[in-house]
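Chains: A, B, C, D and E, in written order; residue numbering restarts at 1 for each.
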Amino acid sequence: MADETRTIKTDYLARVEGEGGMLIRLKGNEIEEVKLNIFEPPRFFEAFLRGRYFTEAPDITARICGICPVAYQMAACNSMESVCGVKVEGQLKALRRLLYCGEWIESHALHVYMLHAPDFLGYPSAIEIAKDAPEVVETALRLKKIGNHIMTVVGGREIHPINVKVGGFYKAPSKAELEAMVPDLEWALETSLETVKWANTLDFPDFEMDYEFAALDAGGVYPIEGGERFVSNRGLDIPIDEFYEHVVEEHVKHANALQGHMKERDSYLTGPLARYALWYDLLSPEARGAAEGIGLPKVVKNPFKSILVRSVELVEACAEALRLIREYEQPAEASIEVVPKAGAACGASEAPRGTLCHRYELDDKGIILDATITPPTAQNQPQIEADLRGFVGQFMDLSNEELTLRCEQAIRNYDPCISCATHFLTLEIERT
Amino acid sequence: MHEQATIRDLVATVLHVAEENDAKRVVRIKVKLGALSHFTPEHFEEHWVDVAAGTIAEGCKVEAELSEDLTDPNAHGVILEDVEIALG
Amino acid sequence: MRAVLAPEALEAIVDVLRRRDWRVIAPTVRDKAIVYGEIASATELPVGWKDVQGPGSYKLERRDDEARFGYAVGPQSWKRELLAPSVRLLQIKRTNGGLEPVKDAAETKRTAFFGVRPCEVAAIKIQDRVLIGGKYADEDYLQRRENSFVIAVNCGEPAANCFCASMGTGPKVEDGYDLVLTEITGGTHHFVAEAGTDEGAELLAELPQQPAADADLTAAQTVTDAAREKMGITLDRSDVHDLLLANLEHPRYDDVASRCLACTNCTLACPTCFCTAVDDANDLSGEADDRLRSWDSCFTLQYSEMHGGGTRKETKSRYRQWLTHKLSTWHDQFDTLGCVGCGRCITWCPVGIDIREEVAAIRATQEAKS
Amino acid sequence: MAQTLTETAGSLEAMTPVPYAVTAKRQDTYDTWTLELEPVDGAPIVPGPGQFNMLYAFGVGEVPISNAGNFETDERLVHTIRAVGAVTKALCAAEIGTIVGVRGPFGNTWPIVEAKGKDVVVVAGGIGLPPLRPAIYHVLKNRKDYGRFALLYGARTPTDLVFLDEVKSWQCNYDVDLDITVDVGDTDWKGKVGLVTKLIPPAQFDADDAQAFVVGPEIMMKFVAQELMNRDLPAESINVSLERTMRCGVGLCGHCQIGPTLVCRDGACYTWDKVEKLLAVKEL
Amino acid sequence: MGPTIAVWKFSSCDGCQLTLLDCEDELLGILGRVQIAYFPEATRAEIEGPWDLSLVEGSVTTPEEAERIKEIREKSGLVVAIGACATAGGIQALRNWANVKEYASTVYAHPEYLETLETSTPHSDHIAVDLELQGCPISKVQLVDALLAVLAGRRPNVPTSAVCTECKRRQTPCVQVLGTPCLGPVTQAGCGAICPSFARGCYGCFGPKESPNTVSLAKRWSEMGASEDQLLRAFRTFNGYKPAFREESARHGG
């Protein structure tokens, strides 16, 4: 072989694309690998919280997620208050719950109608639904708006509310301001009852998983703004302060989001399915009635039916908001005094998409020495991958395109709070 | 997961270069793997062999060098430095 | 017409007016300050409160009596009722190629301003001059102004930043009111009331009252005299017009610019500042524009922005524009001063810049020069 | 209020634009167009020389534009507009038939009638010529009532000169001493090159009995006024037109203040003695 | 067929793009006049570039992002940066004062897996931006106005003045004068002055206004009892990397 050869300089750069993505590697009919990539560039919240003053945590951590800022604010407050040995109770606690109901209504309405439903209805998005069935989208928007309105009245604005403070609020709304929302909320309650029925008309793939469901135990009420214990249907029952003794976070190479899993246990699931399964009996009569009305069992194991459970929780949030407003008395002080103390504690809350845990360590001046934050999506990610593994097995013969759609839908079952996960850009299916 | 896409892109580029120069075969390629590219030389070669199979780049020699410079603006990418082709 | 009223008669005032279906706007306590708001009863007045004001500071404290008007002016002025902070002047619709301006039906409800201080009456007169006294009138302002009914209250206790005596606008109101009250707290708590218009007299006639003797009028006069005495003259207005125009490049403007935040608080709190922005905003369909008018301020860059950049880029020029306008060029433009000495710009300046001090500083160095 | 306010109140319609249709349009330079406007209903307003209207482009906004018309006719409005920003671009893009809003006429007028019997010197810089055109028309129409008429016109480049043909026709038909210059010439330019101030020393007029009308950028007006005063023309005989941001055009919004004066109400035409000191102060 | 709009995410919390979906009253009206070309938070449909308008959320924190914004610039008629991240680097720009490698090892067990730039920077550091909407998050009103302005071909109404203008228009008694330190006088309007209306001081989430006199305000805060630490943190939060705030925080240590 004496071919003439030549070397050509190219200096060509091939880029590694950085978007959310998912990889499924199939070998014949075997699933070799399922990987969910979350290319959320790291933002280092836990690092830069160090050195900040403890009262800043609710405002700063809200910025972790614009879709569920209240969840972060509440977990931060719960944790800080626990470190400092104070408890926010009575009407202030009720106001927090009301604010959070606003976030649930907003987030669940957005997710049910605008993110998840298009998958079931075969539309790329709600924008296209709006062309064919504007009333569906209008309903969604009005529901969303009512949720947002609660956040505006109680929290100052819908995204990154400004009225939340360690110890309570900066200013408590008057009873009249809250009562003004009642007619809208009554409409929202009616509509969410309809939503449950409407969601029940969708087609669900036959698919069940045997989950370990985990959620907060809020001591006799459906868990929303906080809870003292973290429990599961498989016997986990720990004070929230021991969260990190049982849950470890792992940084896996393919995702910048940390993944959580329980020591000596498998993956577990937080979020609507878990809350519902664990605390069905604590739902309001309206929400329970809605579930019964469509024959929804007390434990739902089909993740695709999370849209039903989310709708039931929408009913719950509306009914609960109405109850809280009815029972509201404007507190004399908008917050209780919180004097910083050296120490460390966990605090958690139930984001629309699952349990969110914060842990802070403070010095005696109130400066944050250490912060750990575990969002629900991080906890759910191993479970999502596990689901997908099970799920792909059933749908292996679909075309790549259809399989992609199905997988996206499956991921959306979990309402992950990252935009790259709400709509995937790249899904690679390798078949060999 | 993006290794595949990157390599496909590189193979396409190499074939394009080869074609433009009327090459019969690609003899050797030289690449610099960015420190953050997620590749090791072995890893890269493995993928390369996969993707280049069935093209005129099949069986070519792969010289892959791993850069350790994290601050390089191209640290996330793979640079195809040169391509050696056989003519005629 | 004049009379002596017991404190309970204030309730009667509110009653009578509300029975006529008027809005009654009066001082009330909210957000740790005395602000104006609609009231349904005289009990909502700030009974037994006083304000402690300083440059850039304001604090409410309890009084040891039940005075209804035992405080000076708060953060708001009646400007909010007459020259609304934001209002849609009109809507312009596109109708198959044409344009159709549509005006909003004007609010026609009569409104009583209850508790208007002499400086505020003066401020309303100044805004009348500017907004409806010239060749062109502001329709929205005129509408609101015609529907207003002014119950003034003379001042007995000026705050630290009050200087109406210097500006000749208080502490006793001269005209421009329908009814005026002077509160007398020493001895039996009572009010001396005087009507300024027929309508004021009509209202007064409906109130439970005692006739006013000369002694009562003297007592009322003593109240405002004492207030004037207490305030003293802290800004010499006699030559201020020329003083400022002769010192447009005074170094004091650099000094004040190092402190001034160009935040607009002074102008927006001021009861006479009338500058507004007029902007068009499109509706969603793109088929109609809303013409909106909102409070503007010479302290913003955009205020003086022309094609190619702002005229007053430096804070120093903006402060100079404000100061000279208030005390000097306002006179050239509208034949009146633009400042009534209410002290709001001093109290509500977040860094406590004091117009009196700035003028004094310019005067001091000017005098040193001459 | 039982006081009589209504009598003191002036016109109330000032803030409402009246629909006018674009009936003719001409491109003057690469960025300048002249529009003719006629009212959709009723008779047109008749702005005097030096006055301006607030022109409103639907959806985009409203700006002050000087009257550039009235020669033969009062039937339509003529405005020459340079497209520099959003509103002026939208106005310049208006097609024939487009409806625009008009409020006006506002501001004072050039003292052109008062200049009767005197020599007239008009100095224009670039787009400063159109606002002077109504005054020029007045002089031309009543040519015998005036003395000498010097028209000194300067622009940055030859492409910035507007109405050149019309200007030249004035020279032939009405006995106008026309002198034109550009700051920077081009290959086709055969005329003078240099600042417009250079045209003043040789201009023919009797400084004791003349009125000057000057419009251009502020800095140009300053130098022109200085040159004219160097020719012993008193500051009171030099008329300039000032420009400031205007939001209402009728003295209510406050934006157009320059010291003691409101440009929309007291101007835009001023004699130089009134404004010289004001313009000398930086950022007044 | 209206103009095409693409919505891009960089390092951010998604709140600013969610603002678009939160325009409940306006959304359908706007969607009827534009074509959404790319908006992964809302749709899986895509229209290939070039695009008439790109809304860009989030800051540039990775080499990939630094490249991507250049491509977006090339293919977009107008680029509008939305939010504190996109206009100032956002809260994650706090890394710009720290050692990223240390940061990474604080948070992640295997920092070697991470690709990240040392800094978090606004898009204007990388490309020419046509319009910046400040705010953490941006204001709905300003977003809708900007979109309508693009549709109408007018200037968007983005005031560069202080939060105080809105505070006074809504007639809130000034909290700073009442004793609570407030960043309103140096912060750009847009939020509607909500914090003072809830009895708290503005914390500057809309970033610096034009010519902010931070020195004078900081002096006043000190007189009111604020510590140097407090001042440093106040200026170094959501818009800490914007030059005016960056310089002021540097004056108080660190």
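Note that in this section a contact is a pair of C-beta atoms (placed from the backbone, for glycine too) under 8 Å apart; a residue touches a chain by one contact, two chains touch by 3 or more.
Computed from a predicted model, the values in this text were never measured in an experiment.
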Connected chain clusters in the absence of chain E: A, B | C, D
Nearest-to-centre chain - CA centroid comparison: E
By the contact definition above, name the pair with the higher C-beta contact count: C-D or A-B. C-D
So what's the Cα centroid distance for chain A and chain B, whole Å? 41
Centre-to-centre distance between chain D and chain A (centres being mean Cα positions), rounded to whole Å: 64
So, in whole Å, the Cα centroid of chain C is separated from that of chain E by 36
Based only on mean CA positions, could you tell me how far chain D sits from chain E in angstrom? 43
Please list all residues of chain E that touch 2 or more other chains. 62, 64, 114-115, 152, 154, 199
Touching two or more other chains, which residues of chain B qualify? 74, 76-77
Return the residues of chain C touching two or more other chains; collapse runs of consecutive numbers into ranges. 279-280, 282, 286, 313-314
Touching residues on chain A, where the partner in the complex is chain B: 3-18, 21-23, 35, 37, 253-254, 426, 428, 430
The residues of chain C that touch chain D in their complex are 89-90, 92, 94, 97-101, 103, 128, 130-139, 142, 145-146, 148-150, 176, 178, 197-200, 245, 248-249, 274-280, 282, 286, 289, 291, 293, 296, 298, 303-308, 311-314, 316-317, 320-321, 324-325, 328-329, 332-333
Which of the residues in chain E end up touching chain C in this complex? 26, 29-30, 33, 144-145, 148-149, 151-152, 154, 157, 159-162, 164-165, 168-174, 176-179, 182, 184-186, 199, 210-213, 215-217, 219-220
Residues of chain D that touch chain C when the two form their complex: 1-3, 5-6, 8-12, 14-17, 19, 40, 56, 58-62, 84-85, 88, 97-101, 243-245, 247-248, 250-255, 257, 259-262, 265, 281-284
Complex contacts: residues of chain D adjacent to chain E: 59-61, 85-87, 89-90
